[in-house]
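Sharing a structure here in C-alpha cells format.
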Amino acid sequence: MKLESQIEAILFWKAEPVSIKKLASIFNKSENEIKEAIRSLDESLKGRGITLIQWEDEITLGTTKEISSLIESLTKEELNKDLGKAGLETLSIILYQGPISRVNIDYIRGVNSQFILRNLLVRGLIERVDNPEDQRSFLYKPSLELFSYLGIKKITDLPDYTLINEDIEKFRKQTHE
Amino acid sequence: MSEIFTIKTPEFEGPLDLLLSLVEKRKLFINDISLAKVTDDFISHVQNFEKLPMGEAAKFILVASTLLLIKSRSLLPSLTLFEEEEQDMHDLETRLKIYKRIKDASLNIKDLFGSEMIFSQSQSRPIRPVFSPHESMNLSSLIQAIKDIIEALPKKEMIPKAVIRKVISLEEMIDNLTKRITQGLKMKFSDFSKIHKEERVNVIVGFLAMLELVKQGVILVSQNKMFGDIDMETMNVGVPRYD
Amino acid sequence: MKLESQIEAILFWKAEPVSIKKLASIFNKSENEIKEAIRSLDESLKGRGITLIQWEDEITLGTTKEISSLIESLTKEELNKDLGKAGLETLSIILYQGPISRVNIDYIRGVNSQFILRNLLVRGLIERVDNPEDQRSFLYKPSLELFSYLGIKKITDLPDYTLINEDIEKFRKQTHE
C-alpha cells in the first residue's frame, strides 16, 4: 500500500490536525518523504469529495468546498459567521503575518488586542504557540479551523498573499533606512 | 458573548483607524503631506471623544502629538527635530501604510469567511469509549488545575472614573499666546511651554500655535542657533525683557 | 462535481452509517442512481486509505484493512498518552461545573476545547449528553468510572466545591454585565 494512502487513512482516523513530524514518526520515514507523499495525496484527491488542508507543519482532511452549501443546510451545529471589525482586522493580521506576537499585532492595529485575541482563541479560529524568542510571550497563528471557515486549502490561497506580505516588508524597510 | 471584552471607542477601533479614515475621506495617499493635512481633523475628533479609557486615550494623544510634529515640520521645513521625533514621524507613516494594507485585505477575508466552508468530520460522530485514565489525572492534580484556571481568569478592566483631560485646543493656545505676547513681553518658547508643562502634546500644540501666529504676522520669531531657544516678540510692542 | 464525490463528501462529514434512502433524499436522486454512484465510488477508492463499508442498506467510510493493525496499536498508544495541561484543565472544569456546554468550557479556559473533549470522551473520562436548552449542542459531564476512580461518591465531596464554583460564577457575572 502506498505511503500516501496510509497517510490518508491516518488522517481520516485521527480526524484532527496531525503534524508532519508525527506522521514521520508513525511511519518511520523522513519528514521529506512524508512531504513528498502528502503532495501526491493532494494530487490524487483532485476531483474527489475530500480535500487536504495544510498550514506549515500541520495537515488535516476536510470536505471539498463545492459541497459546502449542501452540508451547511444539513448541519445542526451552530456556525458563527460574525467576526466584527476588531475580529476581522486581527484575523487578517494573523493570517498574513502570523505567527505573530501580541505586541506586533497591537503595533499594527494601534490598539490593545488582548480581549479580541482571547475571543478568537475561544472560537478556535487562532492558536497560541510559544514564542521561541521570548519564553514569557506567545505567538498567534491561524488554525486549520479558520482555513475551513475561509474555504482555503493552504495559506497561499488567500487573495494576494505574497504581494501583501512583500508590501508590508517594504514599508517596514523604509522606516529603518 | 463574543464581544464582552472589547472596549470600543466611538466609531473607531483606534487612532490608526481614525487617521486612516480621515486620509481616505480626502482621497489622499499616505505620506507626510497628507498627514499634515489631516492633523487638525484628527485633533478635533479626539477632542470630541467624551470618555475614553485611560490606556486608549493615551494612544490617541500619542498619535496626535506625532501628527503635530509632522504638521510643524510642514509649516516650517527648517525645523530641527530630535532623532526620536523623526523616528516617531516615520513610524507613524509606516504603521498607517501597513494598517491600510491589512484593512484592505480584511475585506477579502470578510467575503471568504463562511461563504464556502470546508467541513471536517462531524463532532457528533459516535465514540466507543475505553476507560483509560492517565496516572497524572488524580484528585490533587485536577484541583490544582481548576485553581490555576481561576487564578488566570481575566479580570475586568476598570474603566477609570477620571475622564482623560482634553487636549488643549489650538484656539485656546493661540489666545493664550496672543495675550502674553501683546502684554509686550519678549519670552522664550521654553518659558512659555513651562507654563503648560503637562504633556509633550501641549508643548507641541503651543509651538504650532506660535507658527500660526507667525503666519498671521502677529509675532516675530528668531532662533539664534540650532536647538537654541526660540525668542518671540510682538511686532508692534518692542519692550525688551532682560534675563 | 460527480455524484460519487458528493456522496464521498457527505459520508466523510457524517462519519457514521447513512442509509441509501437518506442519500437519495439528500441529493434528490433515485435509490438506483445512488447505488450506481456508490459502485463507482467503491471502484475509485481502490488502493486508497479510505474505503466504503456497506452493511445491508447503510454505508459509511472507514480506513482500509491493510492499515488496521497500525491503527489498533496507535489507538492503544493514544489511550495511554498523557493529555497534559489541556486535559487536566478541561476535565477539572467538567468535574466542578458539569454538565456544561463546550461554549462555556471554552469561555472559562480562554481557548477552544473541541479536540481535547473528544480525547476525554474516547478515554471514557467524560460523557456527552443532549443539551435540553439547545438541540444543536451537547453537555459534558464526568463519567461514573471517573468518580469511582477518583474515590468520590458525589460531586459535592470535591474539595472546595462551593468556593470554586462561586469564583467561576463571579467571573461569569462580571463579564456579562
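The first chain written gets the first letter, and so on, giving A, B and C; residue counts start at 1 in each chain.
Going forward, contacts are C-beta pairs under 8 Å (C-beta built on N, C-alpha and C of every residue); 3 or more make two chains touch, one makes a residue touch a chain.
All values reported here derive from a predicted model rather than from experimental measurement.
J.: Measuring between Cα centroids, what's the chain most distant from subunit B?
T.: C
J.: Using CA atom means as chain centres, which chain is nearest the centre of all the protein shown?
T.: If we average C-alpha coordinates per chain, A lands closest to the whole-structure average.
J.: How far is the middle of subunit B from the middle of subunit C, if each middle is the mean of its Cα atoms, in Å?
T.: That pair's centroid distance is 47 Å.
J.: Distance-wise, how many Å sit between the C-alpha centres of subunit A and subunit B, to the nearest whole number?
T.: That pair's centroid distance is 33 Å.
J.: I'd like the Å distance between the centres of subunit A and subunit C, where a centre is the mean of that chain's Cα atoms.
T.: Roughly 22 Å, centre to centre.
J.: Out of subunit B, which residues touch more than one other chain, so two or more?
T.: 4-5, 119-125, 154
J.: Can you list the residues of subunit A that touch 2 or more other chains?
T.: As it turns out, subunit A has residues touching two or more other chains at 12, 15-16, 61, 63-64, 71, 76-77, 118, 123, 145.
J.: Quick check on the complex: what are the subunit A residues that touch subunit B?
T.: Touching subunit B from subunit A are residues 12, 15-16, 51, 53, 60-65, 68-69, 71-72, 75-77, 79-89, 91-93, 95-96, 107-112, 114-116, 118-119, 123, 145, 147-153, 158-160, 164, 167-168, 171-172, 174-175.
J.: Quick one: which bits of subunit B touch subunit C in the complex? Just the residue numbers, please.
T.: Of all residues in subunit B, those touching subunit C are 1, 4-5, 119-127, 129-134, 136-139, 141-150, 152-154, 156.
J.: In their shared complex, at which residues does subunit C touch subunit A?
T.: 1-2, 4-13, 15, 26, 44, 47-50, 61, 63-64, 66-67, 70-71, 74, 106-107, 109-112, 114-115, 118, 135-137
J.: Show which residues of subunit B lie in contact with subunit A when the two form their complex.
T.: Touch list, subunit B to subunit A: 2-7, 13-17, 55-56, 59, 63, 90-91, 93-95, 97-99, 101-103, 105-106, 108-110, 112-125, 154.
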